[in-house]
Amino acid sequence: MKRAAIIGAAGYTGGELLRLLLDHPHVRVEAVTSRSLAGQPVHRSHPNLRGRSELLFTTPDQVTNCDVLFLCMPHGEAAKQIDRWSGVSPLIVDLSADFRLRDAAAYRTWYESEHPAAGRLAGAIYGLPELSREKIRESRGARLISGVGCNATAMNLALLPLARAGLIERVICDIKVGSSEGGAEVTAGSHHPERSGAVRMYAPAGHRHTAEVLQELGPINLDVSITAIEMVRGVHCAAHVIPTRRVESKELWKLYRAAYANEPFVRLVAEKTGLHRLPDPKILAGSNYADVGFEIDPRSGRIIAMSAIDNLMKGAAGSAVQAMNLALDLPEALGLTFAGLHPI
Amino acid sequence: MKRAAIIGAAGYTGGELLRLLLDHPHVRVEAVTSRSLAGQPVHRSHPNLRGRSELLFTTPDQVTNCDVLFLCMPHGEAAKQIDRWSGVSPLIVDLSADFRLRDAAAYRTWYESEHPAAGRLAGAIYGLPELSREKIRESRGARLISGVGCNATAMNLALLPLARAGLIERVICDIKVGSSEGGAEVTAGSHHPERSGAVRMYAPAGHRHTAEVLQELGPINLDVSITAIEMVRGVHCAAHVIPTRRVESKELWKLYRAAYANEPFVRLVAEKTGLHRLPDPKILAGSNYADVGFEIDPRSGRIIAMSAIDNLMKGAAGSAVQAMNLALDLPEALGLTFAGLHPI
Amino acid sequence: MKRAAIIGAAGYTGGELLRLLLDHPHVRVEAVTSRSLAGQPVHRSHPNLRGRSELLFTTPDQVTNCDVLFLCMPHGEAAKQIDRWSGVSPLIVDLSADFRLRDAAAYRTWYESEHPAAGRLAGAIYGLPELSREKIRESRGARLISGVGCNATAMNLALLPLARAGLIERVICDIKVGSSEGGAEVTAGSHHPERSGAVRMYAPAGHRHTAEVLQELGPINLDVSITAIEMVRGVHCAAHVIPTRRVESKELWKLYRAAYANEPFVRLVAEKTGLHRLPDPKILAGSNYADVGFEIDPRSGRIIAMSAIDNLMKGAAGSAVQAMNLALDLPEALGLTFAGLHPI
Amino acid sequence: MKRAAIIGAAGYTGGELLRLLLDHPHVRVEAVTSRSLAGQPVHRSHPNLRGRSELLFTTPDQVTNCDVLFLCMPHGEAAKQIDRWSGVSPLIVDLSADFRLRDAAAYRTWYESEHPAAGRLAGAIYGLPELSREKIRESRGARLISGVGCNATAMNLALLPLARAGLIERVICDIKVGSSEGGAEVTAGSHHPERSGAVRMYAPAGHRHTAEVLQELGPINLDVSITAIEMVRGVHCAAHVIPTRRVESKELWKLYRAAYANEPFVRLVAEKTGLHRLPDPKILAGSNYADVGFEIDPRSGRIIAMSAIDNLMKGAAGSAVQAMNLALDLPEALGLTFAGLHPI
C-alpha cells in the first residue's frame, strides 16, 4: 500500500481525490489537511464520504513522509511551498495551475506575475496521460507532476488528432462549463438565484487555460470562449476548426482512432443518429472518461470537434490519480473505473 | 401620480417592488436607496430593469416626502427606524418581519428578542388583502402596513376556508421553497454547487412564519416543515389536514368558493385530471396569483390543501403593491396583472 | 378594437401569442383553434391563462372574418392553407417557417422539398421589425408577414451592425437553446430524465435558420452550431467573428449604437464588470428584449458578438405582435412591455 | 462466476442493474433482453455503458439457463410470465410491483385487478435486506425475491425504528421524487418544458407504495402524498409522525442506532448544524445508501423522520443486487460500494 496525503483537502478537487483514493486498492490515505476544518471529520465538507472513512482533517504541519502527495491549494500557493513538500514525498501531483506551463515567460503573460519557483517549471510534467504517458512513467527520479486545466483538457483531447495531422488552420473553442469549476468558495456569481439557469459568458477571451493548449498542441491559431451554463459538473468543448484542407469523415475516423484506440479513458462518440450520438458531460459525472466526437459541416468544410468531461475527474482528480498510477507503476485505470450514471 | 420611495432597494424584494412600481400607472418612484450602490443605476443589481428607468440608487438620507414608502431592510431595522420614516410618508409598507405580529409576547417567543418598537405593533395592519382588505382600506389615518411572510401566505391561503369552518383538528404544513427566499446575500448554503438540486429540509420545525398563521387563522393545531428544493422563485404548501369531521369534496368546493370567488388573485385549481390540475409555483413566476387547491384522501379522510405562490410576488412585493392600491383607494389589481408564463 | 384569431393555438407559440393578445389594449381575440382541444377552455394547455379568459378552443372552420390572423401550425401547413386563410383576414402573420425565405430555391435547399405556394414567397415580409420595419408598416395592401426563426433572430441581431459595416470575414455562431424550442410535442429527446442537464449538440451543422441569416444579412461566410442546454426558454448566440480588419471597441460601440439606439427592444449589454455585463437569456423570460453585446479578443482580434432572447417572445410571438402593431398602425411596443424577472 | 440475465433491460432499472452487474466481481451477465432493441449494443439505451460491454440486446426467448434472473418488465407482466422464468433460473428477482404484496386481497385493493399468479404471492420475499435479510439468506430453495417500491423503501427506512417501538400514533409521509421514477417511457408529463422546475403533487393520496409500508411495518395509521420536483434521481421522504407519547432526541438516537448500526447501507444523518446535517438525495446519485435522520418539534412533540435514497439504487437496482448477494451467499455489499458524488 502506498501512503498518500492531500494538502488542501476541503475543496472540491481535494474531496474528489479523497473519494477516489479511499476506494483505491493500492493506496492508503494517511493525511488530509485543512486549516479551517482541522480536527473535523472529512464528511463535514464531503458529505458523500460519511461512513466511508475515520479520517479527520489535520493541519499541514502534521503531514509526515508519504509516497505520493497531492497539492490542492489555491493557485500560487503550491509554487511557494514546493520546496517544503518535495522533502515530504518523492512524488508530488500539484492540482493547481502553478506547474502546468513549462515556460516562465508564458506564465508571466497569462498569469500576470513572476513565477515564484521558475526553476522548477522545466522539470514538471504535464499530467495528462494521453499527452505525457511515457514521461510520467519514466520520471521515476525527481517527480513533480502537474495537474491539468479542465478546460484545457477538453480542448487538448478534442483537438489532439487534428493538431498532430496539421489540419488546424484556425480553431475557435466554445466551451460550456458547470459551477463546480469555480471551486468551493462562495462568490457573488455563485449565489444560486443568480447562477441557476444562467448562460453567462464569463470569459469571451483571455482564459488562462488557452496557454496549456498552446503548449501541448503547439502554436496553433486558437481562440477560446467560456460560458457558464446550468450544470454543476461538466465541461463541453465545441472546437470549431477551419481546416487547412477539406477532409472527409473517414479520414477523421482514422486520425481519432489512431490517437485514442488504446486509450483507456477516451471514447469516440460520433454516431449518425440517436440521442447520445455526440459527447455530453451529463452522463460523465464521476467518471474518468473523456468522450470525443466530430462532425464535418458539408457546406463549409468546417470540422466541429467535440469533447465532454467531468471537470473534477478527467479535468482534475481523475487524471491526477491516473498519472499517479502510472508514476507508481500501478495499472493505469486502478480506482477509476466508475462508469458514470444514466439517467442523471 | 403618487410619489413612492423604496428603502433598501438593492435586494430581491426591493427589485421586485421597483419592477412593479415602474410600470404602475398611478405611481412615480421618486427614490430607491442602497448604501452600497448609491450613485449607481438600478440595473446594476436588477438587470431586468436595464433601459426601463433612469433612477440611480441614493442613500437613505436623500429621501424626501412621499405618498408611500416601502421598507425593504433586514429584519430588525424597520422597527428601529420606524419613527424616522413615519415622518417622511403617511403610508408605510414594511416588507420585513418586524410588524407582522401584533403581540409583543409572540414576537419575543418567535424572534427571541424584545421588539424595538412594541408600541407600534397593535397599530400595524397585516398586509394580506385576502385577510385584511377592509382594515387596509379604512385605515386612512395613521397607516403602517406590514408585508407578509411568503411561507405564511402560502399557509394562510391554503387553510383559510378550513380554519373559518372549524374543520382543522390538526394540520401539518410541508412547504417547498426556492432559493430566492434567502435574499440576495450570498451564504455557504446558497453556493450553486451545493444548492443546485438540493432537497434540504432546513427547517423541520420552528419556522417563524408559523406565528403569522397562528395569529391570522387563530390558535389552530399547526406544525410546519420547510424544505429548500431546486427552484429560484416559488413556494408550494401541502397542508395535510386531519379534519374535525369527515367532509366531502362538494363541501370543500363551497367553502373555498365562498372564500375566494371574489378574490382577484386567488384561483381555485383542483381538477380531476390534467397535468396542471393542482397548484404549481412553476407557472406563477412574476404573477401575483395564489393558486389554491385541495383533495380528500378517501382512505383516511385527510384533507390535502395546497397552495402555490411566487414568494417575491404574492409572498412579498405583489401583496405589498396590492395593499398599497387599497390604501391609496386605487383599483386593487393595478400594476399586478401579469399572467405568468408557460412553459417556463 | 382589432379582431384577432390564432390558428393552432394549443402549442407554445400559440399560447404565448394568446397571453400577449389577451392583455393587448387594442386587440380582442375572437377565436383560437385546436382540433384536439376543441370545446375546452384555453387554460387546459396554457395553465397560466386560468382565470384570464373565457375562450374555448374551436375547430379551424369556425373561424370567421377578422383583422389579423396568426398561423401557428406545423411547418408546411401554412403554405398549404395560405389561400384559404387569406380570404379570412387582410393581415396574416405566419409563425411557421413557411414564408421566411423569399427564394424558392433556397427553400428547396434548406427544407429539402418544393414549396407548396412558391408564388406567395416574394410577397411575404420577414417579420423582424429591426430588419423590416418600413416594409411592415407600408405593406398596407396585401399583407403576409412571416414570423422569424428564433435562432436566426439571435444571429441577425448579434451580427447586423457588423454585416452592414462589411466587417465579417467569417463568422461561427455557437448557439445554446432551451427545450421550448422543440415545441409542445413530446419526443424521446424531450423526456425529462434525458433532457435535464443535457449539453446536446443536436445540430453541429446544417440548421435551417442559417438560411434566414444569409437572406437578411447578405451572403456572409457563416457557420452555425446549435446546442441544447438546461433551460426551458432562451437562446444565447455567441457569434465568433473573424473580422476583415482589426477594430477597436470604440468603433463597435458606434456601429451597435447606430443600429440600435432607436430600437425599442434591443438593449446593448457590454459592460466591463459585473455579473450581468453581457447578454444572458436567464433574465429575459417573457420579455421582448433582445440583449446584444460584444467583446474583442485582444490576442487575435476576433470579435465575440453576443445576443440573448426569449425564443417564444423576440424569437416568435413577441416579434409577431410587434409586427402586427406596426402593420395595424398601432404603437409598436403595445402589449410588449413586460420587463422580465430577476432573479428567476 | 454466477451467470445473470436481465429481462427488459432497456429501461432505467434494467440499465442500472446492468451497470452494477458489469462491475460485479462474481457475476457475468449472459443476456439482456429488449424486444425493440434486439441486436443493438447496450449503449444504445445506456450511453454510460459505452465501451464497458460487448453485450447486445436479445429477445427474451434467447435467454437460457442462468443462476439469477432479474425481471424488469412493466407491472403485470412478471406475474403473467413467472412460471416460464422460474424454469430458467433458480433465483428470480422481480423489480416490478407484481410480487411485493403477499396478500392477494391487498393487491386487489391497491392495484384494482386480480393478481395473475396469486398462488405465488405467499412464497415471494420482499427484497429489502434491512427488513428481510434472514429470509433472503435462508430461502435457498425456491426463490422469488421481489424488488421494492422506491417510495415505500424511503418510508420503510425512515419509520422502521419508530414502528418497532410502537411510537407511531399517526404519520403523514410527504415525499418528493425525481423524474426517473416514471421510467424511460415518454409521457405528456415528462416533456421537459412541462416537467422542468415543476412542483407537481401527482399523488396527494392513494399511492400504491402505501400498501408495501402497511405490509412491512404493520397496520400503522399512514397517509402518503407524493410530489414530483426538479430532480432526475432521488426520493426524499419527510415522515411527519404524531407520536403515541412525547419522546426525547436521546431515545430516538437509541432506537435508530439499534436498528441501523450494523446496516452497511443505512447512515444516520441527524446533526445539529451544517449544510448537510439531514438526509438529502442530491449526494446519493449512484449510491446504495439510504440516509436516515430525525428531529423533534419542541412545540408539538411531532417527530420529523426523514430519509433520502436514489430511487434507481436503494429504491430498485441497488437493493436488488444486495438481495442477490445475500441469496447467493456473497458478501452483501459486493458491487455496491460507490460512495456517491459531491458536489453534483
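Here the chain labels run A, B, C and D in written order, and each chain numbers its own residues starting at 1.
Here is the rule we go by: a contact is a pair of C-beta atoms (placed from the backbone, for glycine too) under 8 Å apart; a residue touches a chain by one contact, two chains touch by 3 or more.
Not measured: the values here are computed from a predicted model.
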{"item": "Chain pair showing more contacts of the two, A-B and A-D", "value": "A-D"}
{"item": "Greatest separation from chain A - chain, by CA centre", "value": "B"}
{"item": "Geometric centre distance via CA averages, chain D-chain A, whole Å", "value": "35"}
{"item": "Computed distance of Cα centres, chain B from chain A, in Å", "value": "45"}
{"item": "Residues of chain C whose C-beta touches two or more other chains", "value": "12, 180, 184, 188, 193, 196-197, 230, 232, 275, 280, 343-344"}
{"item": "Residues of chain D that touch chain B when the two form their complex", "value": "170, 172, 174, 176, 188-189, 193-194, 196-201, 204-206, 221, 223, 225, 227, 229-231, 234, 236, 238, 240, 242, 275, 278, 280-282, 295-300, 302, 304, 306, 308, 343-344"}
{"item": "Residue ranges of chain B touching chain A (in the complex, touch as defined)", "value": "12, 178-180, 182, 184, 186-188, 190-193, 195-197, 230, 232"}
{"item": "Of chain D, residues touching chain A in the complex", "value": "12, 15, 19, 22-23, 43-44, 46-52, 180, 184, 232-233, 267, 269, 274-276, 280, 283, 285-287, 289, 291, 337-344"}
